[in-house]
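Heads up, there are several structures right after this.
In what follows, chain A forms one complex with chain B and a second complex with chain C.
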Partner chain A sequence: MFRNNYDNDASTWSPQGRIFQVEYASEAVKQGSAVVGLKSKEHVVLVAVKRSPNELASYQKKIVRIDDHMGIAMAGLTSDARVLSNYLRSEAMRSKMIYGRALPVGRAVNAIGDKAQTNTQEYGRRPYGVGLLVIGQDDTGPHLYEFSPSGIVSEYYAYSIGARSQSARTNLERNYEKFEDMSLQELVVHGLRALRDTLQQGKQLDTLNTSIGFVGKDTKMTILDGENTQAYLDLLDEGEAMETE
Partner chain B sequence: MDPIEIRLPHTIQRPKATPNYGPRTHTTRPIVTGTSVIAFKYKDGIMMAADCLASYGSLARFRNEKRLMAVGETTLLGVSGDMSDFQHMQHTLESILTQEYDMDDGQKLGTKSVYKCISNIMYNRRTKVDPLWNSYVIGGLDNGEKILGYVDLYGTTYQSATIATGFGGHLAQPILRRRVEGREDELSEEEAVQILDECMRVLFYRDARSLNKLRRAKVTAQGVEISEPYMLETNWSFAESITGYGS
Partner chain C sequence: MTSIGTGYDLSVSTYSPDGRVFQVEYAQKAVDNSGTAVGLRVKDGVVLAVEKIKHSRLLVPHANRRIMTASKHIGVATAGWISDTRHLVKRVRDEARDYRSTYKVEIPAKIIAERMGMYAQAYTLYSAVRPFGVSTIIGTVDADGPQLYMIEPSGQYVGYRGCAAGKGKQVAKTEIEKLNLDQMTAREAIKEAARIIYAAHDDSKDKLFELELSWVCAESNGLHMHVPQDLFDEAIQHAERSLNDDDDDDEMEGDDE
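Up next is the complex of A and B:
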């Protein structure tokens, strides 16, 4: 009866000037569990909360290493993120092989941004159903980028995407001016604090569902999972205890 | 006993390479060539020199050629060998630099990257058995670090404080070893120029494919600077006493 006639493919406009397929893809990002990214002068950090489909299953990986200087965190269709991370990995390798240089982060993100945009313009394709936070270190310092299915790429001091990520963004907006001079450890703890704001009532950050990634000038891209996150989760609780005292 | 005579049937002919038949042969030898390039590290960066001659065989055919070029803002490239292959390399590098400029993100292609890129191009072409018939000297400052490297038509690479290609490898390299090696960080610009001129003068005396008109170039923290052509003082009075082929 009132079926939407303008959302059959990404190459059809609605009379109101919208492309529904792109909007749906952006909704897919909001279904994924949240990821938070933030940076200081020397480091850039990703924290993510992992989900498992049921009690018997393992937790779905959220942070992927691209190269020694670059990593991504995903929210949305994980399988689309796999395609994009494979592409980024081969581009990073190509840059190393031909020029002996780490792929500049901005160029990497713009490259996948162009791929995503092409998907919204050509008939018979669909947009990627995943949003990414890309962190990396290059000659111009540490960077944090957001990649979205529409092909829009933006750079941030701190940002969050995924389910209930608005709460994390509110937290980041209140605190981002302090991040610039923070140590790596403080940055991670702040990231976790923002990430915790996205959790549902009754849910906790623990070693099973927390994932941490960081990179800096003298720090290669590192991903911490499981028991390795305990130290940071402890710090998070410690800070909490101090605030309530 | 008579030697055994083998006669080929008149129908068997040796395969011959012609423009329409057989393997491509026009890239198998250099045609218009440049001679030595010499380069070394000194206190403020890299010094390099090459003369202005492009020979056609033994004929001094083109006497105002530029064999030193800047690649980006901090890299210097010197070439010996086939000049048309050098022009091909120039075009390739220019298009790479244009792409980099169009990125417009403040990321510069450093000397190490240029060196690696040229090395890859050279090795790639030798792998196709269609080499670019050149020896390249790449020098520059990469984040304040002095880089001086060599790559040739086989894709062979090495880095050193002193480099000389072609005839210079025989005549200039010993002088550079004696006067530069171990003193790369103390050599003043004046002394560096003096060493460069001494090497180029020896080369002009003894290398029959060289010219007494040359350019000097340097890379310092201020960037790349390539001089206008200049001449060296020479003294040929000894020549009168030479008769025949010497000895």
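Up next is the complex of A and C:
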């Protein structure tokens, strides 16, 4: 990344047709710790690595429940993520109140995508500095979306964002065709495996820094932290032990 | 044409000494960097096609739509920034709805094109905003028959019988010029549009891509919709076959399967 004349605000195009402020906002996403999302026929799962600023502090929450059928994981500026998740929550409630039904996931993500786009077109505003993986279950099945600071929203079978997420994406690209028929448990373990690829040397996934979220046809949006993740981490270690034997 | 207008290109409210607004030209570059979009206006309808370049195998096929519908009978295909696209399509939908509410008839093609042109142009007047990095192709069938317009980042809009925008626009335009559009039917045009997108696709640069194809015509009851699966598959076969024949033939009618 280099400094240039065209990177001062979001209302300036560069000679190559790029908007640098939006690209810099995407860099903020890459600074956040990794999150991985993946889906099967029946469920969609999020797993995340949490960070803490120092030993005395708690670990930053990465997965947030939006409604019984929807949740998000964030990477980047967590305060921006708070604003977007509050907005999503109120939209979800509005949908229930006005239309008597759960907010369709595609609409929800397009709404925040459009919100983010206006921040990329006006002077005096900055793009959102957070990327989200949004999971949800609606009449058309389980869904996984990526939201990025540019306002672009895409639907995936599996994806990862955040620091060193390319390693996770490579793992997912190799394996995503198997996910369709997996059970919830297998899906979570696969997600953790991909997530582990993003860790630095010597770091491990443990109950302090791992967060798991999932939702499905007959499963409400559930988030597991702390001791509740132990069972899945054990399965991950077992699988690894079997591989090395 | 690449040129840098150093000093006069930081805001859209600045002219360069030779009368150019560089920010608008740079917005056009964003369009030129994106996947190709093609529109064909034929005897009995309009066909739109988009080359959706995929950056990952993990993307769900047919999910991330680039061709959108407004007011049921207007098709909008774009080349350029996807998030700006959504902003513009929202505007097309609002304009169509307001027109129908006021005048009790569906908005004619040339009016919606004009309104979108004015809207895009408004973003080229003030330094507080930036131009849209999108070329919008609008296709519909109204009282005057099939209509096709393209609105550029500058706000300029022109009616076409065939148009293209994006990376492969040069190749696409050359192919379109060879076609006899006035005599073609929408069914034939679907195959041609698919073939042109495949021809314009540069395999050496972006390996993964998905074709999106839609039409408005009598067969679709005057509604804009994505092409039915069987016709879509035929079109892809035709496109792939034409690509494998080394010379680009001028055939208008597809071979019988």
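Here is the rule we go by: the second predicted complex is superposed on the first by the 242 of 245 C-alpha atoms of A that agree within 3 Å, B and C clash if a C-alpha of one lies under 4 Å from a C-alpha of the other, contacts with A are read in each partner's own complex, and residues count from 1 in each chain.
FYI, a contact is a pair of C-beta atoms (placed from the backbone, for glycine too) under 8 Å apart; a residue touches a chain by one contact, two chains touch by 3 or more.
This is a predicted model, so every value here is computed, not measured.
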Spot which of chain B and chain C makes contact with more residues of chain A, would you? C
Should A:Arg101 be classified as contacting the first partner (chain B), the second (chain C), both, or neither? first
Answer with first, second, both or neither: which of chain B and chain C does A:Pro53 touch in the superposed model? neither
Could you say whether A:Gly202 touches chain B, chain C, both of them, or neither, answering first, second, both or neither? neither
Touching A:Asp139, do we find chain B (first), chain C (second), both, or neither? first
Note: overlapping chain A surface for chain B and chain C spans none
Chain C-facing residues of chain A, complex: 5-6, 10-19, 110, 113-114, 116-118, 120-124, 150-159, 169, 172-173, 176
Given the complex, residues on chain C that touch chain A span 2, 4, 6, 9-12, 22-23, 26-33, 56-60, 63-64, 81-84, 86-87, 90, 123, 127-133
Complex contact set, residues of chain B against chain A: 103, 105-110, 112-113, 115-117, 120
Complex contacts: residues of chain A adjacent to chain B: 97-101, 104, 106-107, 138-140
